[in-house]
C-alpha cells in the first residue's frame, strides 16, 4: 500500500510538472509549485516509512513549516507592483 | 487488533491516494484558475490528513508518531494559507474568475473598483 | 523499489531542467527552480543523505526562491527571446561535445552503489568505525563536519560570512555609510493580511523553535548549525513578509545582525585558538575538558552554535539588503 | 541493475550540460544564475551518488546496522549548499546593481551600451 501511495504521489508530481510547463498563466505555475511542495512533504514522509528510517520525518517537518513562504513572497510582489502602478498613476 | 489497525491504515492510504488523483485531475482539467486552486486546495487538505493518518497507524513508537502529528498540524495550517495567499495574489494581479461559458464576465463586488 | 523511485525522481529532475531551458519569463523560471529544489531534496532522501536533504529543504523551500523573487521584483520579470542562429548552433555543439566526452568518462567509474568503490574505501570506513568511540555522537555527518574536518568547515563559514558582507556592500546605497540601513522607516502598508498575519503569528514561533531543535539535536539526528541557521532566518523572513520590513528591523536591527554574523565566525575561530592554547592542534577539541569524549562533545556544540549564528544572521542580513531595494525610495 | 548502474552519472552529465547550455545560450542574467544553479545541483547529485552504498542506511549510528552510506560527500555537499545560496545572493545583488546602472539585465543590451562610441 505504501508503494502504491508513493507511485500515486510521483504521478501527481508529474501532472504538476506538466502543468507548470505547459500553462500560459504565471499563477498556474505558482500553484503547481505549491502543489509540488505539499506532495514533497507526503513523499518524504511515505518514503521514510517505506525505507524504515524515521529520521527523514524531520525533513518533511521542515517543508511543512516553511514551504509556503515563497507563495507569500509572490503575494507581496503583486501588491508591490500594484502600489507602484498606483503611484505612477497619481503622478501626472 | 493489529490486523484491524493495518486494514484501517491501508484504507486511509488508499482513500488519500485516490483524493490526490482527483485533485490532480481537477488541476489538469478545470478551465478557470480559481476552480483549479479550489480543486487542489480542498482535496489536498483531506488527502494529506488521510495519508498521514495512515502512516500514523503504521508506526509503533512515540517519536515518529509525534512528528507525524506535528507535520499534519502544520500542513493543515500552511496549505490553506498558501492557497489563500495565492488566490489573493492572482486577484491583485487582475485575474478574474470565468463564468460557465468561459468568459471573464463575472461582475465585481461593489467595493472593488 | 528504491531504485525505481530513484530513477523516476531523476527523470523528473531532467524534465524540470529541460522545461527550464525552454520556458520564457522569469517568474515561471523561478517556480521551476523551486520545483527543481524540491525534487533534488527528495532524491537526496532516497540516497540516504539525510543531512544534505535537510539542508536542501531548508534552503530550497524558502530562502532561495524568495531571493530570486526579490531580484525579479526589482528588475522586472520580462525575458527577451533567446538568440537564434550562430550563437545557438555554437552553444549546442559545445554542450553536446562536452556532454559526450563526460559520458565516455563515466564509463570508467565504479558501478553505482558498489561498496568497494575507491570513494568508499578511503577514509569513510575510518569515520564510520571510529567516530562512535572517539567523538561519541551518533550522527557521523556532524562529527565529520564539526570535528574531523572542522578546519574545512571554518573555511566554508568564512565564505558565507564574506558573501554576506559582499551583498551588504554591493546593495548599500551610497548615502547610508555603506551599510544596509533602512531607507525609509515608514512604508505605508497596503491591505492588511489578517488571515496571513494570524497564521503567521501561530507558525513563526514553531519555526523558530524547530530551528533550535535542529540546532541542538544535530548530534543525534539530522540537523546542525547550517540547517538551523537557514530555518531560523526563514522564520524571520516570514515575519518580515507579513508585518513589513520596519517591524522586523525593530525586532532584529540590521546592525545587530551584522555584528552577530561576525560573532559566529569568532566563536568558531576562538574555539580553535582555545585548543591551541591548551597545547593541541588548531580545532582539536579533545583537550577542552578532562574526558576527551566530553571535550569533543562540548567543542562540537560550541562550533555548531557559531555556525548557526553566522548562517542565520548572514541570511537575515541578505534578506534586509534585498528587501530594502524594494521599498519605494525617498523621492 | 546492470542497465542502471551508470544511470545516475548520466543524469548528472545531462543536468550539467542543460545548466551549461542555459549559462551560455540565454542572455538574461537571472536566467544565467538559474543555469548555474542547475549546474551546481548536478555536482551535488554526483557527489551524493558516489557516496551511496546499495542498501546502506543514513550515516547516523544505530545498534544493529552495519552498512552506512559514505558520510564524507554528505559533509562536503551540506556546506556547499549553504555556500551556494550565499554566493547566489552575491550574484543576484550584482544583477540588481547592473540593472541600476544599465537599466537592463540582458547581456546583449549591456554589451551594446559598453561599446566605445
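As written, the chains take the letters A, B, C and D, and residue 1 is the first residue of each chain.
One rule holds in what follows: contacts are C-beta pairs under 8 Å (C-beta built on N, C-alpha and C of every residue); 3 or more make two chains touch, one makes a residue touch a chain.
Just so you know, these numbers come straight off a predicted model, no measurement behind them.
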| item | value |
| --- | --- |
| Result of counting contacting C-beta pairs for A-B and C-D, higher pair | C-D |
| Whole-Å gap separating chain B and chain D, where each centre is the average of the chain's CA atoms | 31 |
| Chain centre separation in whole Å, for chain B relative to chain A (CA means) | 12 |
| Geometric centre distance via CA averages, chain D-chain A, whole Å | 20 |
| Junction residues of chain B - those touching two or more other chains | 74, 78, 81, 85, 88 |
| Multi-partner residues of chain D (at least 2 other chains) | 57-58, 60 |
| Per-residue multi-chain contacts in chain C, two or more chains | 48, 50, 70, 72, 193, 196, 203, 206, 221-222 |
| Listing of all chain pairs that touch each other, if any do | A-B, A-C, A-D, B-C, C-D |
| Partner chain D, residues of chain A touching it in the complex | 53, 55-56 |
| Chain C - residues contacting chain A, complex | 1-2, 5, 8-9, 12, 15-16, 19, 22-23, 25, 27-28, 31-32, 34-35, 38-39, 41-42, 45-46, 48, 50, 53-54, 57-58, 61-62, 65-66, 69-70, 72-73, 190-191, 193, 196, 203, 206-207, 210, 214, 221-223, 227, 231, 234-235, 237-238, 241-242, 326, 328 |
| Chain A partner contacts - residues on chain B that touch it in the complex | 9-10, 13-14, 16-17, 20-21, 23-24, 27-28, 33, 36-37, 40, 44, 47-48, 51-52, 54-55, 58-59, 61, 63-64, 67-68, 70-71, 74-75, 78-79, 81-83, 85-86, 88-90, 92-93, 95 |
| Contact set on chain A toward chain B in their complex | 1-2, 4-5, 8-9, 11-12, 15-16, 18-19, 25-28, 30-32, 34-35, 37-39, 41-42, 45-46, 48-49, 54, 57-58, 60-61, 64-65, 67-68, 71-72, 74-75, 77-79, 81-82 |
| Complex interface listing, chain C residues touching chain B | 193, 195-196, 199, 202-203, 206 |
